[in-house]
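Alright, structures below, take your time with them.
Both complexes below contain chain A, partnered by chain B and then by chain C.
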Partner chain A sequence: MKSSKGMITKIFGIGTIPVATLVIMLALCASKGVVMFETQGNWIAFFRAVTSVMLTTFALSINLNSGRFDFSIGSISMISSIVASQICISMGFTTPVMLLISLVSGIFFGTLSGLIYIIVKLPPIIVSLGVTLFYEGFAFAITDGYGVSFVANTELTSFPSVLNYSIIILAGLAVIIFLFDYTKFGYNYKALLSGQKVSVNTGIKEVPNAVGCYAVAGGLMGVVGFISATNTGNIQMALNFGSIGVMFTAFLPMFIGGFIGRFCNERIGYVLGAVTTALISLMYARLNVDSSIQQITTALILVGFLIYLNNEGKLKKLIKG
Partner chain B sequence: MSKEKIKKQIMNLAPVVGLLLLYGVFMIMGTVKDINIAYGMKAIINQSIVVAVVATGAIFIYTLGSFDISLGASVATSALLGGIVYNATGSLLCMFLANIGVAVFISLFNSILASVFNLPVFVTTIAMLSVLNALVLVLIKVNGTGSEIAVPAEAVKALDTTGFKVLILVLFLVLCIFVFNFTKIGRMQKMLGGNEICARLTGISGKKMAIIGFAMAGIGVGLGAFVSTIYAPTLTKNTASSVGMDVIIAIVFGGMPVSGGARSKITAAVIGAFSMTFLGQIMTLMNFNSGIGQMVKAVIFILVVFVATFNQRSKMLPR
Partner chain C sequence: MKKLLAMILCIALCMSTVVGCGSTSGEGNAAADTTNQPAESAGTDEDAEEQTTAQGGMDAVAELDMSKTVKIGVLVSDSTTAESLAFQNYYKEYIAKNYNVELMYSDELVDAAGEKSAIDTFITNNCKAVISFSSFDRMAQLNQCADAGVYYAVATGTLTNDEYESVKTNEYYVGAIGPSLDVEFQAGYDMAKHYLDQGKKNFAIFGGALPYYTEMHIYRAAGMLMAMVEAGGEGANYQGATDKDGIVGKIFETATIETGSIGSINILGYVGGYDMDEAWFAKCGQMAQMDGLEVILAVGNGSDFFGTSAQGTDVKIASVDAYASAYGEAMEAGMLDYLAGKFSASIGPIFAATYRAALGSPIRNSEGNALALDQGYWVATSSEQFNEYYAVDSSVESPAYTKDMLDTLLTADYAAFSEFVGKYSFDDIKAIQ
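What follows is the complex of A and B.
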């Protein structure tokens, strides 16, 4: 009896936010006479948003949960996709090779970022500011400021499809769950996360773990860069921290994922957080919502959700009287 | 003086030495390249002052160990609303008051929202960044010609002098130094940033100090918006777009610990803002392309902060 009650609570906790969002978004679209998932393009856009946001959320949360704020994830995404696309265009490689090169480049640039952090031993926020400037400058320098365009390359722009994005979602989730829940690296990560000093004193090696975290986050952002580049066939340049906007897309799903993670694996929570955000984004697109209204609405949802999370106890007391 | 103390003094002086070195390099390169040095210096002052003023106010937030990423967007919003007020009233005083009022309101809203609802300040400011960026677009669309809100250049021409802008910076700097170094507020803020639990146990109100800190930052943002409008009276969505991140860079570059606390210093903002601008100008004089210039800037930034904080290393990795 008790366990079935617990199961119901779990299912309710996991499903409420994404299901409620889906119902609200469908209703909003229906009220304007629009079918939310009308064409294949709508499905592709939805799955692309889930994939990108999920991977970015993983990348952001890996370091942020450990108290390491990393501004550089957007710049890693940009520089990895530039390196991969430049190599593939000049060598005539196929899309899977571009994905692989993006992933490897991301891991390389992430590792480099982690190495700088452990060598200079400055607060991660400062290191990430320097690294962001450096990677943005590097990307600008190697493309002479023009970015990369391969709109006419039908091979490299053939990637977007529901199947391909689904494979990335499943593979990404499986790798992250394996790494953080079933390996020594993951156990050390969790120990360091909950008590840095105690963990270090008990012999856990913090330095390789930190570099590993940056490498994993970099790899994930490499794939995000690949998804973005193969969607538009264009990679635009950003200087003076123009690349940090990518990071902001991950905050709402990260907090939603954190809440859902109370009832299941936190990583699955992040996926559902990404699904929730992607549903909202698709509604915006289908209803042609002005970008200013989009930004304000998303910010209000974020603040509203955080107000709920940080005052849950008080609210429950208030409701109970 | 012990060896340790001398080392500490040298480290403390590193940002100032860095600024003087950059100034020296700029002067030497300017002379070698035969540029108009006086004109170059004027450009450097113009470019630095907005960041210096905003960063000086922001020190009060950083001292608490807090962080505000929405400062640049706040400057843009205050400048645009100030521009709208000027166009409606024709009074520069009204514009100035609107700049300050709007900026302080935004800053206090951030702080009160975080205090009342127990939210992490950083996340509140991320949400505010999105709201303000959207508001900038809405304001331009509704009140401007579609892409800009322009204050007549003749109206601000008399104030667009280096002397006036420097005066604003100096007056604000003096006010901040007074509050920070010679009143209880500064001491309480440093204690809160250094050890929050200890500070609370001694009766210091974190919420009250946060509100004061954000109010001071708001004044800096308002002054920054005013100076920005004087310098470039045609306000667009790109107005002050890089100020937000430049402020963080300037504060750190000037030798301020990002964790706040007792080592915080008001002058870090000014030193950092001018250092960054000198560095940018040197890159331009060296004819680097923008990308390479930014890479060099990044390396120097990390190196300077690394040297300036060399005596603050702990065994564990910082977070």
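What follows is the complex of A and C.
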């Protein structure tokens, strides 16, 4: 009896936010006479958003949960996709190769970012700002400022499809769960999260673990860059912290994921957070919502959710009378 | 060793801010003026001709002493668009190598405070003139330059009539050469008419920076709508407006383009802004794949945002931007059908005017007023035409405006200068060459 009650609580906790969001978004679209998932393009846009946001949320949370605020993930996404697309365009490589090169270059640039943090020993927020400018400047320099355009390359722009995005979602989730829940690296990561000094005293080496976290985050952002580049067939340049905006797309799903993570694996929570965000994004697109209204709405949802989290105990008391 | 490595990394990180923010002393970036265009342009070719033909212009000036290096500051508000990079290339690879000048570039400016700070730097570095591609507060820029005895010029833009009236006699104001809002309106009008004449009836519009009240984008969109009103048959109107001022006013009211019918012409979709987030890309995708859509008219770059989504359809994409190789590839692949592009050498005449002012021979009309001249776009409607224009536009050996041509401007009177600038079409320029 107790077990089934616990199961119901779990299911309720896991499903409430995404299901409620889905119902609300469908209702909003229906009220305007719009079918939310009308065409294949709508499904592709939804799955693309889930994939990008999920990977960005993983990348952001890996370091943020350890107290390392990393502004450079957007610039790693940009520089990785530039390196990969330039190699593939010049060598005539196919889309899977571009994905692989994006992943590897993301790992490289992430590792470099982690090594700089370790060597310089400045606060991570400062280091990541410097690294962001460095990568943005580097990307600008290697493309002469023009970015990369391959809109006419039908091979490299053929990637967007529900199936391809689904594969990345499943593979990404599996790799992250494996890395952080079933490896020594993951155990050390969790131990360092719960108490760095004690963990170090027990023999855990925090430096390789931190560099590993940056490498994993870099790899994830390399894939995000690949998804973004193959969607439009071009990579726009960003200077003066113009790439930082990418990380802010991950805050709402990260908080939602954190909440859902109480009832299941936290990574699955992040996926459901990404699904929730993608549903909202698709509603914005289907109803052609003005960007200023989008920003206000998203900010209100985020603030409202944080207010709820901070006052959850009081609310429960209030409800129980 | 570790400390040394740490120090080197610290220095590298600090230096990266310089890399990220652009560069100076001839290695930086000229850029397009893409925001906050004036409400109404000050003076046009016609105005200039009226002023000059009536008065006969000034006499040709004496030979200039070009033996000393002249430092000129360049204010930049954009370093990453195709247009701004093309301008940069022309100044850096051609002008700086053919004239005895040192061009100092600002960082990528984001506000008026940055403009002020950059001009302070120019003045401190003994710049004799400033060419501005940044438009956050042009009057403040000019006043700051004038107070320091530094010449000031506006590139690829114009001042409002009121602004021009207030500064036209300022001895340190060289003038402005670029597309006026009338030219922007005409660019949009010509683009839409090109397809309306082919019998197209179902359009979508990409508004670019229209939601941010960027006037050049608003005027281009208004031009498109005007052409649709004219082609839409009896009673056709846009939200009740049937003339230029009315349509511009309607767009200013809402900062958007309303979808619907204009007589027999349909606006099926509209996307504005440059949000670049998931929702925005989804909007772009669904607009490009709308049932029945025939043409996407973009006030800015269209093929980069709609090209892949429109793949495999018969949707035509028309853009306003510059002549960049990526657009050539898009045109060849059928993803871009029409391009109204600024040519990179279009900023040559304003350089000539600024340079001669710095050398002590500023150009003024017969009434002693500064330059206010219009320039328009090169329009390519086929891959062959694009390639022909691009070959000239991207050349750093023989660009559209060569040194020989610009040299004539250094000693030209106002009438000759105005006539030269007025002949900006590709064929006109080839004829002059």
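Keep in mind that, in the parts below, the second predicted complex is superposed on the first by the 321 of 321 C-alpha atoms of A that agree within 3 Å, B and C clash if a C-alpha of one lies under 4 Å from a C-alpha of the other, contacts with A are read in each partner's own complex, and residues count from 1 in each chain.
Definition applied: contacts are C-beta pairs under 8 Å (C-beta built on N, C-alpha and C of every residue); 3 or more make two chains touch, one makes a residue touch a chain.
Being a predicted model, the structure only gives us computed values, none of them experimental.
K.L.:
When the two structures are superposed on chain A, do chain B and chain C clash or fit side by side?
P.N.:
clash
K.L.:
Contacts for A:147 in the overlay, against chain B (first) and chain C (second): which applies, first, second, both or neither?
P.N.:
After superposition on chain A, A:147 lies in contact with chain C alone.
K.L.:
According to the stated criteria, A:195 is in contact with first (chain B), second (chain C), both, or neither; which is it?
P.N.:
A:195 sits against neither chain B nor chain C.
K.L.:
With the two structures laid over each other on chain A, which partner does A:96 touch: chain B (first), chain C (second), both, or neither?
P.N.:
Neither partner.
K.L.:
One more residue to check, A:6. First (chain B), second (chain C), both or neither?
P.N.:
It touches nothing on chain B or chain C.
K.L.:
Per the contact definition in the header, classify A:299: touching chain B only (first), chain C only (second), both, or neither.
P.N.:
First partner only.
K.L.:
After superposition on the shared chain, which partner residues are touched by A:130: those of chain B (first), chain C (second), both, or neither?
P.N.:
both
K.L.:
Looking at the overlay, does A:240 come into contact with chain B only (first), chain C only (second), both, or neither?
P.N.:
Both: A:240 reaches chain B and chain C.
K.L.:
Contacts for A:138 in the overlay, against chain B (first) and chain C (second): which applies, first, second, both or neither?
P.N.:
The answer is both, since A:138 touches chain B and chain C.
K.L.:
Quick one: is A:68 in contact with chain B, with chain C, with both, or with neither? Answer first, second, both or neither.
P.N.:
Only chain B is touched by A:68; chain C is not.
K.L.:
Can you check which stretch of chain B gets into chain C in the overlay, out of 42-50, 60-68 or 258-266?
P.N.:
After superposing on chain A, the clashing stretch of chain B is 42-50.
K.L.:
Quick check on the output: what are the common chain A residues between the chain B footprint and the chain C footprint?
P.N.:
Dual-contact residues (chain A): 116, 120-122, 127, 130-131, 133-134, 136-138, 140-141, 144-145, 239-240, 291-292, 294.
K.L.:
What residues on chain A touch chain B, complex-wise?
P.N.:
Answer in residue numbers: 66-68, 116-118, 120-127, 129-134, 136-142, 144-145, 196-197, 200, 206-207, 210, 239-241, 244, 248, 251, 291-296, 298-300, 302-303, 306-307, 310-311.
K.L.:
Can you tell me which positions in chain C touch chain A when the two form their complex?
P.N.:
Residues of chain C touching chain A: 2, 5-6, 9-10, 12-14, 16-17, 19-22, 29, 79-80, 82, 85, 88, 107-108, 110, 211, 256, 270-271, 273, 275-283, 285-286, 289, 303-305, 307-309, 311, 324-326, 329-330, 332-333, 335.
K.L.:
Considering the complex alone, what residue numbers of chain B touch chain A?
P.N.:
It is residues 67, 113, 117-120, 123-124, 126-131, 133-135, 137-138, 141, 242, 245, 248-249, 252, 258-259, 289-299, 301-302, 305-306, 309, 313-319 of chain B that touch chain A.
K.L.:
Under the definition above, what is the set of chain A residues touching chain C in their complex?
P.N.:
39, 41-42, 44-45, 48-49, 52-53, 116, 119-122, 127, 130-131, 133-134, 136-138, 140-141, 144-147, 149, 151-152, 154, 157, 160, 231-234, 236-240, 245, 249, 278, 281-282, 284-286, 288-292, 294
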